[in-house]
Amino acid sequence: MADFKIHHREGEGVYIIDLKGYLDAHTAPDLETAFQKLLTEKKYRIIVNCRDLTYISSAGLGVFMAYIEDVRKNKGDIKLSNMSAKVFNVFDLLGFPLLYEIYTEEKEAMTKFKTVKAS
Amino acid sequence: MADFKIHHREGEGVYIIDLKGYLDAHTAPDLETAFQKLLTEKKYRIIVNCRDLTYISSAGLGVFMAYIEDVRKNKGDIKLSNMSAKVFNVFDLLGFPLLYEIYTEEKEAMTKFKTVKAS
Amino acid sequence: MAANPKVMTKRILSQTGHLSEVRDFISAAAGEFGFSEEDIANISLAVDEACTNIIKHAYQNAPDKEIVISVIRSKGNFEVRIVDYGKKFDPTEILPPDLRQNMAHHRRGGLGVYLMKRLMDKVEYSFQPGKHNEVRLVKYLQKSPSVARR
Amino acid sequence: MAANPKVMTKRILSQTGHLSEVRDFISAAAGEFGFSEEDIANISLAVDEACTNIIKHAYQNAPDKEIVISVIRSKGNFEVRIVDYGKKFDPTEILPPDLRQNMAHHRRGGLGVYLMKRLMDKVEYSFQPGKHNEVRLVKYLQKSPSVARR
């Protein structure tokens, strides 16, 4: 069975989710739960750090599409960072860089949140 | 000055445009003219063969966006074929494969036109 | 057939918990065949997508159905055939995804078929009425670029 | 400065007919610096886009204005600075293109700035009020992948 873990951090009013392992149709519900929890807690400034994300399929990408509208409606965003070339390639094939901010480093995403004032 | 040439062919009710050389802001108006002429003549089933297209910038890509709606409204299409990896990369970065049919070989585009009935 | 060294087969039950085994099976076969790391990743992702769709759509999440994955290797050609016995499927009407629409409507899906087409050189669906469905995914060893145009 | 062998400069008039010279100039410099064919193509496309925008927007197609393109090479860093004396520009509000919207409204433009960002590692605009505008395009020699995330 695919191994997938989610770790939560918080810093300067931004909520950081670290993804680790394999994000496929089997593990995508865990990411759904994580986003639902953040939204319930009204945490809308989110960075998803993909440094340890080994694999993603369209089931995983789908989760990002499902929550972005609610997050942005609340003046937040889901920004992504630290993807391997392999994981980035999947996002890229589907045109995600046209719609999501994907940064090489987490700190760039953090800077972007800080330079745009909170709601 | 950039060298750019357009050659016209016709076969089985499909109009084929061969592009050669450099398609940039300087030469894009030539492609505009070619599309305008096809539309005036109500030729809506178009293949753009990019085998000899050495270079494209966003000014060239823009021309494809400007005419596709009119062509499709008339039950036609602009299909692309035979791009080099370098030229395809530019289309790909902007998400064109999500919206345009881009074929490795011209004959695949031709087959697609023939299997979908004409208006 | 069973003696043919160029065909390898794996059977799984229709559960997403088995997807990782399928990926490992395909990765190993594609690696042996001589594909680059990037191609290996692309092929096993495409097969994951095909199996995920079978579980979700052809079998509508019933957990006790069978999926048969075969790898057929011939000169320069790496082919994966995936057979199921569920609902049939004709992909010709499936359009590429519209991400902005998906986002606006909280839609999670609609990415898999397009992704398979981009990742492989050929994707073909067929069905034997009343018997089974089959999807054939083909990648050529000597093809560049590693990502297809459609 | 003129004696510094690591800086090379080219001046053109604000005419699209000069874009091909700019591309040749940049390609030669990037090739000498050791970039791959793919990187060379990406860098010279980005510079073409920047110059095209200056001609169209900063100078609004006036054909007799000046554009100064300098290449500054330091260890592992290939930087192109493009100076113009036209309308200033702040790209922070420029959103990525929405192709479906463009298609529906017969819009040709809106692709260049996004493309430059994807093709280069760094894109920065600045202006000296009343003096000039400058765009800095940077590509790192040792960076992979060859296409940037933003």
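Structural remarks
Order of writing sets the chain letters: A, B, C and D. Residues in each chain are counted from 1.
In this section, a contact is a pair of C-beta atoms (placed from the backbone, for glycine too) under 8 Å apart; a residue touches a chain by one contact, two chains touch by 3 or more.
Since the structure is predicted, the reported quantities are computational estimates derived from the model, not experimental observations.
The minimum number of touch steps linking subunit B to subunit D comes to 1. A count of contacting C-beta pairs for B-C and for A-C identifies A-C as the more extensively joined pair. Most remote from subunit D, judged by the distance between CA-atom centroids, is C. One finds 31 Å separating the Cα centroids of subunit A and subunit D. Centre-to-centre separation between subunit A and subunit B, using Cα means, comes to 37 Å. In whole angstrom, the spacing between the mean C-alpha positions of subunit A and subunit C is 26. Among all residues of subunit D, those that touch two or more other chains are 97-98, 100, 114, 118, 147.
In subunit A, the residues touching two or more other chains are 94-95, 98-99.
Taken as a graph of touching chains, this assembly is complete, with every chain in contact with every other.
Residues 83, 85, 88, 92, 97-99, 101-104 of subunit A are the ones touching subunit D in the complex. Within the complex formed with subunit B, the residues of subunit C that make contact are 96-98, 114, 118, 144-145, 147-150. Those residues of subunit A whose C-beta lies close enough to touch subunit C in the complex are 1-2, 22, 24-26, 55, 57-59, 61-63, 65-70, 86, 89-90, 93-96, 98-99. By the touch rule above, subunit D contacts subunit C in their complex via residues 98, 100. On subunit A, the positions that touch subunit B within their shared complex are 94-95, 98.
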